[in-house]
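These notes open a run of structures that come right after.
Next come two complexes, and both contain chain A; in the first it sits with chain B, in the second with chain C.
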Partner chain A sequence: MAQRSLKGIAVVGGGPAGLMAALTAARHGAAVVLVDENAEPGGQLRKQIHKFFGSKAHRAGVRGYRIAQELISDCTAAGVELLGQSVVFSLRECTLDLLQKDDAFNLKADAIILATGASENALAFPGCTLPGVMGAGAAQTFVNLHRVLPGRRVLMVGGGNVGLIVAYQLLQAGAEVVGVVEALPYLSGYQVHAAKIKRAGVPIWTSHTVLEARGDQEVQEVTIAAIDDHFHPLPGSERTLAVDTVCLAVGLTPLAELAWQAGCRFCYQGALGGYVPLHSDNMETTLPHVYVAGDIAGVEEASTALEEGAIAGLAAAAAIGCPVPIAEFDAAQERLVSLRKGPFGDIRQLVKSEIVKRWADCRVVE
Partner chain B sequence: MTTDDDIIICRCEEVTKGEILRAIKAGATTPQAVKRFTRAGMGLCQGRTCRRLIAQIIAQETGQSIADIVPSTYRPPTRPLTVASLRRDNREVDR
Partner chain C sequence: MRITNHPLLGPQPPVNLVPLEVDGQVIWAKEGEPIAAALLAYGIRLCRTTKRRGEPRGVFCGIGHCTDCVMTVDGIPNVRTCVTPVRAGMKVTTQRGLGQWPNDH
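Coming up: the complex of A and B.
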């Protein structure tokens, strides 16, 4: 395999965290290569046709795909080299093996930032492998990127933000959403997203689950049922709906394969989606010069991914000798903490502090 | 109608829930052991879809907490690639 060595930083993943990490590091003088496997970088931002909300500093009022376009052009202006349609298939120390079209080569960098995001969780029920059962993210890719309706009559499983937003976008695209099913007794997504589909008259069934999908060659109907406090279906509560599509929005898992391979230490944090690499508040893993940012470091939101990316970019640039004013770290940390407020944010802030503490413990032992 | 045991958990290797339950009963009580026993998670996607489902099944059957279930080893390649692509040696770039 051919080799390339980079006096600088390699960023893996071109979503909000990776783009911001690359941009921030490049603006502080680092040579940066950004590797992304998709046709165009942007990650989930490319599919986000809705406006962000929150504060002005976090781009409230701007649509997600616009944020991606801005970041990409800023990256280009800052001299970031983009390796598109390139797949990283292994990581050891600071060396990536990657495949660009049919060419495999390895790239040795001075620092690595992993911003690989998360993958959608599956749900196992009879009929779950029938065509028509898909991740809500997949359905969102169909409608918002490829402008193809995945189906006409859709059941959404999961009432978190992904489920609520995608249900609304499927409605906008002309599909009929026959309902949203949520296992919890309440919707965990933001009220602002829930209100949109409620106004459109979409039924919402909390404390319900999907029992089975049936169909000859593809999904034709699905049975749902109410569940008790222990998530066991209540006999007699079954309801069968004629649908051709079942979308699963049942959570995300940090996509941390490369961090595992490289030998990073992990801990399990259910509130952040599963196993996450231990990291410092500067986003450094337990391996020197290997950083993480965004959903790989614990599933949160695009806004937190942007700030974690900024911090990882600053830290990696500083680590390889670029001058980075300490005030910039402080400002980025402050912005990040401000995002983790309120009933949803408090838990994440607590868990993140636990991760940082365990990272520090590892450092002391070794 | 498919029963619970017929549900395909690992799509790449077409391993059913029944096969995984039998492996657990036979003593394969970790994701690593289930993988070696059944090939679940050894296919093209390297377990991206089924890892979590397998951990949930093991937790349910053995009474362990999901937080205590150690994932099976992650190995390269994380994406499918051809042997031919590894053989090529036509690049020598330095920066």
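Coming up: the complex of A and C.
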């Protein structure tokens, strides 16, 4: 297998965290290779056609795909080398094994930043494997990026931000959304997203779940029902809807296989989507010179992924000897903390602090 | 079906349409789009049937992870159609079970 040695940093994953990590490290003088599985980098930003909100520092008012375009051209200008259509299939210490088209080779770097993102959760019910049942994020990719509708009549399962935003974007693209089902008694997504689909007349059924999808070879109808406080279906409340598509927006799980394989220590954090690699507040894992950023370090949002990417980029650059002013770390940390406010943010801030504490404990023991 | 005019993205920019053979029928695909997108544009959602029970499967994750959308492409089985770009003249077939390699007998 061909070998390549890089005096610098290899970043795995070209979404918001990876692009920002690569850009930040390169701007501080590090040689950076950014590896991405897809033909073009940008990750899930490429299909985000809604405007971001928050503060100006976090690109409020800018549509996600524009952020990806800006970051990619900034990376190119900063000298980041982009390796597209390259799958990383193993990580040992700071050496990656890659498959680029049909060629396998390994890449040894001085530091690694894993920014591999997350994958959508599935939901088990009879008929859930029928063609037409798909991740809401998958549907969003087909609609916004490839401009193809996955179906004409859609039921959205999940009233978090992904479910609400994708339901609206399906409407924008010309599909009919027959309703949104949410098992909790309330919608957990932002009111601003819920309002858009409510104005369009889409029914929202809270305290409801999907019981079964049916069809010959593909989805033709779906049955939903109300549920009690213990999430048990209430007999007699079933209703059957004619749909050809059921979109599942029921959470995400960090894609952390490479960190597991490399031997990083983990902990389980339900609020962040599952098992996450322990990391310091500089995003270093329990393995020296291996960093994480974005959803792999706990599922949050694109804005937090960008800031974690910036911090990982600074820390990795500093670790390999590039001069990084301490004030830049402080500023990035401050921006990140400012994103974790409010009822959802507070929980994430608490859990992240717990992860950092567990990371420090590991360091003492070893 | 294709979204020809989108309220935010505007009209579809000019693209290069190429022929794609699906189970012997020719459809027109945008060069470089994922095979699965080309199939969805024609309402084709069945990608494969399972080995034991012959159950239908189609696109689920759209990011190359779940492998539900694998099909046989140019004779090679188990190709993830959601992340494999269309090239002119490709031949795609609905896969039965684990598929067959060209040298299998």
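Simple rule for what comes next: the second predicted complex is superposed on the first by the 366 of 366 C-alpha atoms of A that agree within 3 Å, B and C clash if a C-alpha of one lies under 4 Å from a C-alpha of the other, contacts with A are read in each partner's own complex, and residues count from 1 in each chain.
By definition in this document, a residue touches a chain if its C-beta (ideal position, glycine included) is under 8 Å from a C-beta of that chain, and two chains touch if they have at least 3 such contacts.
Just so we're clear, the structure is a prediction, and the values are computed from it rather than from any experiment.
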Touching A:41, do we find chain B (first), chain C (second), both, or neither?
neither
Touching A:119, do we find chain B (first), chain C (second), both, or neither?
both
Quick one: is A:13 in contact with chain B, with chain C, with both, or with neither? Answer first, second, both or neither.
neither
Of the partners chain B and chain C, which touch A:129 in the superposed model: first, second, both, neither?
both
Now for A:159: first (chain B), second (chain C), both, or neither, which partner does it touch?
neither
Between chain B and chain C, whom does A:141 touch in the aligned arrangement: first, second, both, or neither?
second
A:277 in the overlay: touching chain B, chain C, both, or neither? Say first, second, both or neither.
neither
The intersection of the chain A residues contacting chain B with those contacting chain C is 37, 119, 122, 129, 255
Taking the touch rule as given, give the residues of chain B at its contact with chain A in the complex, in rising order.
1-4, 6-9, 11, 17, 46, 48-53, 66-68, 71, 73-79, 81-82, 84-86, 88-95
Contact footprint of chain A on chain C as seen in their complex
1-4, 6-9, 12, 30, 32-34, 36-37, 40-41, 45-47, 55-65, 68, 82-83, 85
Looking at the complex, which residues from chain A come into contact with chain B?
1-8, 31, 37, 87-90, 97, 99, 102-105, 119, 121-122, 124-129, 212, 214, 253, 255, 257-258, 260-261, 268, 270, 274-275
Provide the residue numbers of chain A that touch chain C in the complex, in ascending order.
37-39, 49, 63, 119-120, 122, 129-135, 137-139, 141-144, 146-152, 172-174, 217-218, 255
